[in-house]
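Note that the chains are named A, B, C, D and E in the order they appear, and that numbering of residues resets to 1 at the start of each chain.
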Amino acid sequence: MELQLYIQLALITLALPFAGFLILIFTGKRLPRNGDWLATGLISLAFLLSLFILIAKLVWHHNETITSSLNWITLNDLMGPSSIEFGITVDNLSAILLVVVTMISMLVHFFSIGYMKGDIRYSRYFACLGLFSFSMLGIVLTNNLLLMYIFWELVGISSYLLIGHWYEKKTATNAASKAFVVNRVGDAGMFVGIMILFTSFSTFTFETIFDAISNGELPFESTGWLTAAGILIFCGAIGKSAQFPLHVWLPDAMEGPTPVSALIHAATMVAAGVYLVARVFPLLTADALLVIAYIGAVTSVIAATIAATQMDIKKVLAYSTISQLGFMIMALGVGAYAAGFMHLVTHAAFKAGLFLAAGSIIFAMHKALHKTNDHHTDAQDIRNMGGLKRKMPVTYWTFLIFTLAISGIPFTSGFLSKDEILAGTLAFGIMSGHYLLPVAAFLVAGLTAFYMFRALILTFHGEHANATRLEGVEESPKVMIIPLIILASLSVYIFYSFNPFGAASGWIFQAIERPLSIVPVAMQPISNLLFHNVVSMVHSIAMGLSILFAFSGIIFALLVYKWKKIDADRLANSMGMLYKGAFHKWYFDKVYYKVFVDGILGFVKGLHKFDDKVIDGFVNSTAGVAIHLSNISKWIDEHIVNELVTLTAWIAGYAGEQLGRLQTGKVQTYLAFMVFGFIVLFILFI
Amino acid sequence: MNLFAIIFYLFAIVTIGSAVIMVFSKNIVHSAFALMFSLIGLAVFYVLLYADFVAATQLVVYVGGILILILFGVMLTTQGIPEKLEVLIINVWPSAILSSLIAVILFFVFTNTEWNLIQVVERTEVVPELGMLLISKFLLPFQAIGVLLLIAIIGAMLMSTQSKRLNN
Amino acid sequence: MGDNILNNIVLFYPEITLVVTLCALVFSDLLMKGKGQFTGWLLLGGFCLTGIFLLLQNGYSESVFDDMFAVDSFGIYFKVILILSGIFIVLFTMRSRELERNMQRIGEYYMLIAGMMLGMFLMVGSTNVLLMYLAFEMTSISSYVLTGYIKGSLKSAEASMKYIIFGAVSSGIMLYGLSLLCGVTGATDIYAINASLVEGVGQPMVLSTAVLMIIVGLGFKIAVVPFHFWAPDVYEGAPLVITAFLAVASKIAAFAMLIRLFSVSFLVHVADTQSTGLLNVIEGLNWNIVLSGMSALAMIVGNLAALWQTNIKRLLAYSSIAHAGYILMGIVVLTEEARSAMMMYIFIYLFMNLGAFYIAMLFSNKLNSESIEDYKGLGFRAPFESVAMTVFMIALAGLPPTAGFIAKLYIFGAAMNAGWLWLVFIAGVTAVISLFYYIRIVRNMFLYNPEGESGQLYFDVFSKVIVLLLLIPTLFLGVYFGPLIKLARTSINIFGM
Amino acid sequence: MELQLLGIGILTWIVFIPIVGMIIVLLIPDSRQDAIRWTALAVTGMQLMLAGLILRNFDRSMLGINESGSFQFVEHFNWITVDALPWIGKVEITYFLGIDGLSVLMVILTALISFVGVISSWKIGKMVKGYFALYLLLVTGMMGVFVSLDFFLFFIFWEIILLPMYFLIGIWGGPRREYAAIKFFLYTFIGSILMMLVMIALYFSIAYTDPVTGELVHTFNLLHMMNPDNLVEGSILAGINTTWRYIAWIALFVNFAIKIPLFPFHTWLPDAHVEAPTAISVILAGVLLKLGAYGLLRISFPIFPDATVYFAYMMAVLGMISIIYGAFCAMAQTDFKKLIAYSSVSHMGIVVLGIASLTTQGMVGGVFQMFNHGIITAVLFLVVGVLYDRTHKRGLTDFGGMATVMPRYTGVAIIGMFAALGLPGLNGFVSELFSFLGAFSAFRWIAIISVTGIIITAAYILWTVQRVFLGKSPEQYKNLPDLSAREMVSFAPLIMLIIMLGIYPGPTIKLMNASVSHLVDLINIGGF
Amino acid sequence: MENQFIYWLANPGLNHFLMVSALLFALGLMAVITRRNVIMVLMGVELILNSANLNFVAFSHYTSLSLEGHMIALFVIIIASAEAAVALAIILNIYNRFRTINVDEISNLKG
């Protein structure tokens, strides 16, 4: 197959959703069915194309990187013409992600046909989905930083439009603005990073920049600036991938329609940050990588603890997403490149699935609530659910599979990728002495299992809060169910590796190789070979620990919520019973309860508060400060800068008035003045 | 101490003394007469300086003309009411300071100046020379002053006659 | 000698024409008492004839009547400007309602105008201190009376009184200064004075005193700070036409006299003056420094005091004080270039200032008010006149594309080229301030809706033609001023320099 | 490159056609308002066509700036010549028009914005004749500034703008129009006086030797002024890096900074914008502000390269302050128009930052940003105008939910807003990118601090979008009509340009590239 | 020194006349500034003019100014008379309007 064909196919893939966007935005309302079939059809076509590209690439041109670019702007300056190229590159990384994006997008399109039925801005919704898919594919395909930045902003804007889809709701518009602005903070950093690189190398293209650095050129002749450039570009990822401390936008972004959350805020856009780090990986110095790893770790721990306390099902998933993204970032930071990327892929499937399943639940709840004329109950609160398993079997089973996958239970896709990350973290911790990283990783693994099962149990098991309402709940339509089933099947290990306990032999690991670092030797991270060796050494330990943590999380959740061994006592018995239990054997249980449930819950509650009050508060108060600043500058503008001018004018006016006062109307006074003037002149002159 | 000096000092005192009286007198008629004496004193100076024609003109035009005019003015504007003859002097001190400053300045200037003096010519026949000058070099001013007087007459007429319509 | 005088008479035709016109006016007034505007037309004819004779003199550079009077291109330039302003003043008079009410004495009025014109002509041309003083007084006496011409008006009477008191004292001081000057140099005509000074009389102190005293008199006529106090009151009280005449003609004549006296007497004329364009003052007699201070003060005081004026005449009075400051810059800067720039300024000043006064007069005819508060909404009631007023205002403020800008440009340029940067700076700052009050008039005309009665104001064609006569040069000279520069440059030659 | 129509050069046509239009407008009787409007439209339309013709025939490879040979569509006639006198050389003022890469974009922008402005002033009902007469005069002034190559001519056109603007704000403006108009007038006039002084100083300091007669000629010709060999020995501005040259540069800079407007000379702008009628706001933001930056590039930079280099840092700092300060001020506004006015301060700060970098990228960015900002703010002011026409309100809190009520309008507005925010794919991004890139290579930390401005910009723009277009619409505005055909026509070309230039800015950048890099070259040679 | 002064005093020369004229000038100014009666002001002016005249005549006697000084003095006297005539006419006019010739009371024009 001709290499250029890849480029052409990729371009067509890129163009298809954009065409959908253009058609729908202008003529959407006039098309039959508001054009949903068109958008869905186009994205399906794109999916098929990208699947073809991936397979062809892996089969025929496994190790090749295919690049093509055209000139966007040529600038003649003193050094001669320099041109800014726009190009796309097809390599294994982008080919895989191409499929992931188009597939999830396609499934979400299908799902949305059911979910968004009857929405007033139905066609606009699909148009925006198209715009998003286009931009996301752009990010995936681009071969240079500038184009990356451009599409980066475009996904931001489509995310903005989709979060604010129901813009009559104040919370939705707030969330949309918040998302965009918080992202902008990261983007500004990324922009500075890009500026550093461009100023030094006069190009935006990854390859050229890498070549220049490997030839020993450094930005401003300093490795410090190289590190800075890496971290600044990573700032973009911090924003997009909702990393600490910019993760606050993502939970709020759940105000958008649920399929959007699935597509953008779970599977694809938020993973763009991970992709960005993977793309620029060669130029990241060891310092930069360490910063990245720690940010990932902190994020994942914080988010996981918070997720365990949330009552809104979408919020739980949102925090879980943040946590998992932190995981991936941490993986890249420690050098587990392929593992991190694989987690991106697997996570995309099961997290999209989780969101779609949640969407299905919410859809059903809404209908049920509608039937009972209940407009006060929150359709997304897991306390209002329970017992849905019976009514929505397909949703339940798929949800269960996704939950198992995210918890890292063997035979799921999640197990493969998570296991590799944990191994990588552990290896890194051993080699570098940063033991906090593996500790955090395992802690998060356990917590993930706990909170996911908590959500699962509360939603599907037990008794429903309102029996009549439960009667109204019914399984979602096929157009929504089928995507769930597809995603559930994609959460099984077999698609990624034939060995359920080792991802290393899977095709992704074959296709993705950690690129060589090109930074000066002193700044290089631990070399790939060494890392691999240590990873294979600790792999089995990590796997064992991983399974242990996952299961203990699950069991703990079951204990508390399903079997209510701890909880039921507390709820069923009054204070007297508590005392009795303490007096009797359950005393131990109670200590456990106090220590583990209250303690942990209290801790995570505290953490949540910290996030809510301190981090979010900090961000909010930054906004507040900004507004105060703006008011101050407005005041300065109106009172000082302006007043200075007014003051000058006033002085002139006052002087004029006084001069007028000299004009007394008495001619002899004038004469006296004249004589006085004469004398003054005389004294000055002589 | 020659005669010249005596006459000079005598009339200097007369001139300046009457000028002082003119300036400070409360009664306007007194002032007018003081001015007259002052002008006469000046005429004497002119004589001392061998400018008899100027002195004569001074007497005729100033004392005989202008002063009478001024007195007419006084009469017309006071209409014989004695109180109106009493006129105010105010702001004496500031203006006295100003005026004395001027005088001091001029004294200072004069005493610090080396005048380009020539041997004093004792002229006897001034009038014919003046006449010649008047029709030769000063012909143009001589003609022009005629026009000036015409204009002054027209102006004075215009100003002093009562207009028929006054109510405005 | 007789031949000499006869020859001189040829060069004296313009002045003689004026005298003849004056006499004709006297007779015609006697014969046709109060018969409409006949005397006006007669004077106009006389002025035009004078103008023709003036133009015929073009190219002469001679001294006549035993060095009493010079006929040179400098003088002719100024006389043309004066006669132009005279013609406009007569035309204005014919449109003035204020003067129409005092029609019965209009004969005398025109006679005084003619006399004043003669006085100004003599001021421009005289080269002898005696004739200078005489001309000065001739001009003054006519203008005192003209100021008080409106006999029914208290303001007019008061103005004439203030004017004569101030004028008499000033001219007295000037005379004293002249006497010192003559005494120290022993000469009365300005060439002899110069010769004597160049020889080295020394005595800078008495000379300085004399120069200062002369400046007092001339400063009074020009109305420049600190000798300007009379101007606002007199301008406000005098009939509008006469205010215009005072603000333009009498000021210009005084400038001419100032330049002639100071340039001829107090400068060292060295051979290479022509090639460098630089002039040098008599050693120890830096009169241009004094004038520079006065110029700066005039710009500052004139413009600042104008800010709060509500009476258009008073406002224009202050504005003309400020303009005197700008014009004075041309004298302060001792270069020929500056002199030519100043002469351009004066030419342009004639049109723009007369224009402003004329429109003010037209409005006051209809509104019976000179308050600019009453101009509110005039832009809609009399659009043509208001637009013309706007043009004159921005010309006075010195904005392109009007001639006022060219005037400022060249005078600033000359000053800057000679290194008088502080003066240029003050001029620039005050020009900004000046915009504020000029634009206030424009604002009142256009930015407010008419108050009270708001009918259209109609002006006859004759009035509009006069506006155009003033408006067109103001605009045209703003975009095509090459000939004016050339004219000004060829007209800087003063006889005896 | 010469292009003549009926024997008259095309630049003369494009400059003076509005004057012809003005005369025609003045001759049409008051009552026939539509005829007046159509005349104005036709005239500006013709101007737009001429601008198109110029664009078509423009040679992108010619340098311009200081080489008289490489200017295009040159018209050079003697205007005022005074023969040499012994004490001063020959004096010459010429009618010298020509364009190069710097001006061609501005010419097109002016033609376009003027055309759009006429459409958007269709609803003006008060004294239509006066309005359009002044409007056309204003257009002549603006166009003239951009094509003049003689300082004197430049100055005349520069000042011609003042008065029509004063009246257009003062007569047709809002409640505080008088204050705003006089403020605008005074501020600009202060600048003008400063420029005039510098012009005079330059005029005396510059003299070239006439190749034919060998005479020394003083001239206002800008190109001669750019040649350091023409500096007269001993004149005030002679030499290099002298105090007087710095002072002259500062004086010019203040003048241009007032027009740009740069902090702290900007306070006239919000008032002027708020009070001005929509079309005048459009002109003001779209074209007038560009005069300042254009003046810097056309006059300050090439004539005083040494001072430019000396003060580049200061300029960049002021640009930075404007960016951030303007953005903060915009955020605090509750008046829609004032918000956009302050956003102009912020965006023009980017222009200054870009050109202060004295690098090709930065300057290309700056010039391009001038053009883009012209288009974007024009759209934004039109957007405000649409709302104001319908509701006579401009408060940001008065509205909400316009997206539901007026979807087409919202689409247009959102594109404009996002372009202002610097969204990639729209034109604002490209120019900001280049400006920042250039600035970064010259002043690293200033650029980094300035970048925070784009965050604040995002914040206030989105907040505005949220307050005006999103949410629930107030009851009384439920039935506002969407954009009319006329309004669509006025928006269409601008929106198209916003998108086109965002996607493929290459050709436009190429238009100015040669000239800009030549200018950079010139500064680098002259300044070090 | 003292003798010199006495000698100087005893032989009146140009400077003596000039001093007298200076005193007259100052007194004239004083009158002009202090007296509230317009006619008195006028008298002050006459004093000033006369002081100048004295200068001219003195100069023509002692310096090379010769007869031209006399000439000027003559002309000045005539001009002064013309001016006085006009001034008095104006004063009469004022009196007719204001019924006063007190300068202070005639100050409606100001500012």
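Some observations on this one:
As a convention for this text, a residue touches a chain if its C-beta (ideal position, glycine included) is under 8 Å from a C-beta of that chain, and two chains touch if they have at least 3 such contacts.
Everything numeric here is computed off the predicted structure, so don't read it as measured data.
The set of chains in contact with chain D as well as chain E comprises A, C. Comparing chain C-alpha centroids with the centroid of the full set of protein C-alpha atoms picks out D as the closest.
Farthest chain from chain D, judged by C-alpha centroids: B.
Among the remaining chains, A is positioned farthest from chain C, on the basis of C-alpha centroids.
Work out the mean CA point of chain A and of chain D, and you get 41 Å between them.
Here the spacing of chain B and chain D, counted between their Cα centres, is 70 Å. Centroids built from CA atoms put chain E at 6 Å from chain B. Centroids built from CA atoms put chain C at 81 Å from chain A. Counting partner chains per residue, chain B has residues 91, 95, 98-99, 102, 105-106, 110, 115-116, 138, 141, 145, 148, 151-152, 155-159, 166 touching two or more of them.
Multi-chain contact residues of chain E (touching two or more other chains) are listed as 25, 28-29, 32-34, 36, 41-42, 44, 53, 58, 63-64, 68, 71, 75, 79, 82-83, 86, 89-91, 93, 103, 107-111. Chain contacts: chain C has residues 130, 134, 137, 141, 144-145, 148, 151, 160-162, 165, 169, 173, 183, 186, 205, 209, 232-233, 308-309, 436 touching two or more partner chains.
Pairs of chains in mutual contact: A-B, A-C, A-D, A-E, B-C, B-E, C-D, C-E. The touching residues of chain B, counted against chain E in their complex, run 1-2, 4-5, 8-9, 12, 15-16, 19-20, 22-23, 28, 31-32, 35, 38-39, 42, 45-46, 49-51, 53-54, 57-58, 61-62, 65-66, 69-70, 72-74, 76-77, 87-92, 95-96, 98-100, 102-103, 106-107, 110-111, 115-118, 120, 126, 129-130, 133-134, 138, 141, 145, 148-149, 151-153, 155-160, 162, 166.
Partner chain B is touched in their complex by these residues of chain A: 668, 672, 675-676, 678-679, 682. Chain E makes touch with chain C in their complex at residues 21, 25, 28-29, 32, 38, 41-42, 44-45, 48-49, 51-53, 55-56, 58-59, 63-65, 68-69, 71-72, 75-76, 79, 82-83, 86-87, 89-91, 93-94, 97-98, 103, 106-111.
Residue ranges on chain C touching chain A, taken from their complex, read 161-162, 165-166, 169-170, 173, 205, 208-209, 212-213, 215-216, 220, 225-227, 229-230, 232-233, 286, 289-290, 293-294, 301, 303-309, 433, 436. Residue ranges on chain E touching chain B, taken from their complex, read 10-20, 22-31, 33-37, 39-40, 42-44, 46-47, 50, 53-54, 57-58, 60-64, 67-68, 70-71, 73-75, 77-86, 88-93, 95-96, 101-102.
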